[in-house]
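Below are two complexes that have subunit A in common, paired first with subunit B and then with subunit C.
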Partner chain A sequence: MTKEPLLDIRDFSLVFDTFDGTYHAIDRVNLSLQPGEALGLVGETGCGKSVLTRAAFGLVPTPPARITGGSVKLAGRELLGLSDRELRQVRGRQVAMIFQDPMTYLNPVFRIGTQLIDAIRAQSGGRIKRVEAKAIALDMLEKVQLPNPERQLAAYPHELSGGMRQRVLIAMALAAKPRLLIADEPTTALDVTIQAQILDLMAGLVDEMGLTMIMISHDLGVVAQVCSRVAVMYAGKVVEDAPIAQIFDAPAHPYTQGLLAALPHPFRRQDRLASIPGTLPDLLHPPSGCLFAARCAQAAPACGVPVPMRPVGEAHRVACTLYDDERKKEPAHV
Partner chain B sequence: MSDPAMLAIRDLDVHFPLVNGQLVRAVEKLSLTLRAGETVGLVGESGSGKTTVGKTALRLVRATAGQIEIDGMDVIGASNRDLKKLRQKAQIIFQDPHSSLNPRMTIRRAVSEGLILNTSLRGKALRDRVAETLDAMGLSAQFHDRYPHELSGGQKQRVCIARALVLEPDLLVLDEPTSALDVSVQAQILGILKDLRATRPALTQLFISHNLAVVRFLCERVAVMYLGRIVEEGPVEQVFDDPCHPYTRALLSAVPVPEARARPDRMRLTGDIPSPTNVPKGCSFHTRCPIAEKGLCDTTPPPLRRTGEARMALCHFAEPMLETPAT
Partner chain C sequence: MQRSAGAMKRLIIKRLSLMLVMLLGLAVITFTVTNIAPGDPARLAAGPDASQEMVEKIRVERGFDRPLPARFLFYLGQLAQGDLGNSVYTSRPVAQDVAVFLPATLELVLFSILIAVVLGVPFGVLAAVYQNRLPDHAIRFLSVSGVALPMFWLGLMLQWYLSLELGLFPLGGRLGIFDEVPPRITGMITFDALLAGDPATAGNALKHMVLPAIALSFPALAAIIRVNRAEMLEVLGRDYVVNARAQGIGPFRIVAIYALKNAILPTLAMIGLRFGWMLGGTVLVESVFDFPGIGLYAAKAAISSDFEPIMAVTLILGAAFMLTNLLIDLAYALLDPRVRNQI
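Up next is the complex of A and B:
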């Protein structure tokens, strides 16, 4: 942990100005990522996982969004406050992203080859010639194990299956050798056997190419296939950040415990699944303390004031008062 | 097998002609029987035909050939009058609860409608019955006069379940009822559905899903579909713990398990599911099958083999004791 982090997000807060008031989408989030690390960012709908990673790289328009504080450093360089032009240099070259629905991110009227070559040339600022770009494109399609890469260059997006399209987008994203890949629910739109292929590919890229990655997912099972560390988000906050084994074997936050207890397991007999009672807090008027307290069976008066992250183990941090020295005296049933 | 069949599907074909003259063979020679009170999972990837089976069973889609009976009543040739009776007996719940509810009806109204159309219940008796059903789904009186947009996804899905159950159906078809929901909400809906097995023991459920973990949790029996056919069928625990068909093995091995340690016995399929307009000859799975044999699987359709007590698999190599994958 002595190395300089590749990505360092500190006290990042973001609100949306709406007609109903100020919506506190992200509240003082801290997240850092070492080079070569694959982090899973997990949470349910509306927890802010996609907004966080997009806003950090200038992809959420102002208005309605407004960054109200914090800093985002990529390899030591502050990104907040950069001009649009400077941010465009960062995106694509240093940070690449892939998204849930690969069809939406490919232009239906251009051939795969044209789109790949254009992207590769744009990433280089036009310094790479078309012929070279085509060679890179072919090389990348081979790296992502797309069958018959030469033939696929001449294909249109609709001629490819969902899994093949996602491979093309991964190739496009990685062609400029970015330092960081953000994968936002990359397999959610795919069938389970195709999902397994793409997850294998991504795990391989992390292991072999030393890719640094944030994988956003609502599915802890998916994250477990690729990532070594997990950050769990709830209502715009990171509530737990731990090595993957810790998350499954010793989840510390009651929300993480609730998520795991709610998951059906394909190879285990379960008579009941625990659901989490209640609903998300109203982020137009967020409570001042722990945002999960209203749904938490172990909430205490101490949860009424802001609850910062605290260490509970080796590289394991959690935002919960259960691990305060004062509350530790009473037996916490976990 | 002494229980009467609630839903009996025999040799069902559902084909959709395309404008270019091709034929989508969505369902091919499919037979499936659900005994009264049973919960059966129908699993498969997109394009496998599982949704078409569910819709055809309720005649929301017309069968091309074959027979379907619900509680002994013919579905395919039913007259309009019979169909009305059938629809009372058999209800369906869809994936997206939002698009299944009329945005201009309060949920009380939405749940009442089936009763008004199908029964003579009116006035207080009707209101009481609706309120009782909504309450049983955990939707208290404060919700009854709300509109769908005022409810969360999980609440809306509970309204859809209430609307289906208020007619006291014998058969419930559930088409991916939790796929649009977050896991904590999914757990709640699955709990409600599992409780139905205790509170309404006679209710038969056909649960269509691509999510194998959910099927394992909820169902007693499972049928696995690939390209319009059932390739394996049996009690859920036996099929999941010891699959006979290579496709079932691959499907189970692809499920992302919420555990930190990857399983060593992974089996990966290459390529994509072929188009149902151009189903491979012989065994339709041979193009992706790791154990396919040339000259057999690519030419001869496999027989349906009994692989155990109440278990069947559609594979040339399915034996009662097929070698299990390396552990």
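Up next is the complex of A and C:
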């Protein structure tokens, strides 16, 4: 780690002030990305992947959310505490986001062209003229291989298929040539064949534009195709962070092991997918120790106190007491 | 676009023919209700001073001696010729009265709906943007009063305070006694005066409408604020708003353009509904402010059991209500491409 990271999230915590009490959605998360790196962020639904990546760039409304600590640095610049205007510039120019459901992320009552041109002009802080923005929009639509770009500009979102809309959203996100791309389950809502096309397209663009990327997914298989490193989140915490090969070959955290066991295996016959028994802990009253302990077959008394991340290999870190020196116990493999 | 223009035309024709059917139904109802009401229609039509002989003559002449279905057909025939019957009270053909009083009411109602929309939509937006903060609470106070205060009571209070106490506005009527009524073009004095190049009279006519329009628009204002606030809240939480923010688009543009164009659609439906209610509300408000419109005309006719004007006004208000709904649906289609595709 000699270079300065492009994105450096340190001890980031966020709560939602709800009617029932304080919901501890994100708890002291650390994430760091080198320029050009592609990180996969995985974890089951509701574990805080979207909230984390959105809140870091001021996209989660406060209230109800409240950032309770930590720091988010983009290319060395602290983002927490910036004004909305400054954050808007960051979002438009440096950080691009692509979301899960292309059906709902385009405004249904405006033409594709209007939305693209508006976005491109906003990204430039209003410096780009309408005509110029239109040229960029056409150029980008060609880049994402949308057929008939000129005609699509006049179309409304409902006239396009899901895959086409996702291409439009990718074109929109990348028009300003950002440095960081956050792809929040960009293919989950699409047909399998379309998924592969979109993943290919994204991988190509990431390469071509030299983007740094966080790819959020439930699906370790998808992540394996695009990312070199994986961070596993559970109940608002990052519990394991490792190169992709390590995650598949030597998953350290019992939760990660569970996730892998839940993957359909191409060579093994399975009657049904394995799944991890139990449910997410109550984050209104989170336990003080490991949040996974209640679902963990290998839980021990030591799991009742806060469990920090510790190194277990080359660039491989995990938050689990199995690797405590005191708990001299071989990690179980599933 | 070409295709959707044709579809639009077909929609309009379809809706207009449907309107005719509904108006026919409305005519059946008003006709039946007024004709099974107690009282001798021939005597009423002849007036209190007429001799028995006169009454019998009118009974035959106007067909009151025939069975109800036959009389209804006769009534429809008259309607088809634009004959709305006669008013005992004004002793003029109802059609003539309507031509005089309807434009006055239209003017008043248009002014009222304008107030309700021009204030209601921005207030709804503000309340949503500042949800649960001071502007929201202040605006909620306004919209709750709009529900709680009866229209006629509000009218009386406005009269008492703004007119009698402060003398800011005239107590009632449509023009001052010294104002010259402009030559009739639309029948709406404000417009006619402007067309005649007499802005002073136009201003005066407007001033006469301020208090009744406030009273008339208040409940509609409240309803529009409530609907628009709720819709804005919902829309501001939608995914496309998150995406717009992620692109760095500014809050004003997101609220006033991206979100509002979506939120205004359900609000439009409420505006149409309230426009219809306002037409009915003119009966109360025009009575309070002695404003010579169709509502006051209907109220006076009702008091003197003058049936034909009441039936005519009911039909006219019904038609106006249906036309408004058609206009709202067309506006919907204009604003929402998904609706446009369905027609």
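Here is the rule we go by: the second predicted complex is superposed on the first by the 320 of 334 C-alpha atoms of A that agree within 3 Å, B and C clash if a C-alpha of one lies under 4 Å from a C-alpha of the other, contacts with A are read in each partner's own complex, and residues count from 1 in each chain.
Basically, a residue touches a chain if its C-beta (ideal position, glycine included) is under 8 Å from a C-beta of that chain, and two chains touch if they have at least 3 such contacts.
This is a predicted model, so every value here is computed, not measured.
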When subunit B and subunit C are modelled together on subunit A, clash or fit: fit
Touched partner set for A:191, first subunit B, second subunit C, both or neither: first
Dominant contact partner of subunit A by residue count, subunit C or subunit B: B
First (subunit B), second (subunit C), both or neither touched by A:248: first
Touching partner for A:104 - first (subunit B), second (subunit C), both, neither: second
Which of subunit B and subunit C A:151 touches, first, second, both or neither: neither
Which superposed partner A:199 touches (first subunit B, second subunit C, both, neither): first
Touched partner set for A:119, first subunit B, second subunit C, both or neither: second
First (subunit B), second (subunit C), both or neither touched by A:129: neither
Minimum C-alpha separation between subunit B and subunit C after superposing on chain A, in Å: 9
Residues of subunit A defined as touching subunit B within the complex: 44-45, 147, 161, 163-164, 191-197, 199-200, 218-222, 224-225, 244-245, 247-249, 258-270, 272-276, 279
Subunit C contact footprint on subunit A (complex, rising order): 54, 57, 59, 84, 88-93, 96-97, 99, 101, 104-110, 118-119, 122-123, 125, 156, 158-159, 169, 172-173
In the complex with subunit A, residue positions of subunit B that touch it: 45-46, 152, 182-188, 190-191, 194, 210-214, 216-217, 237, 240-241, 250-262, 266, 268-273
Subunit A contact footprint on subunit C (complex, rising order): 238-240, 242-251, 253, 258, 261-262, 335-338, 341
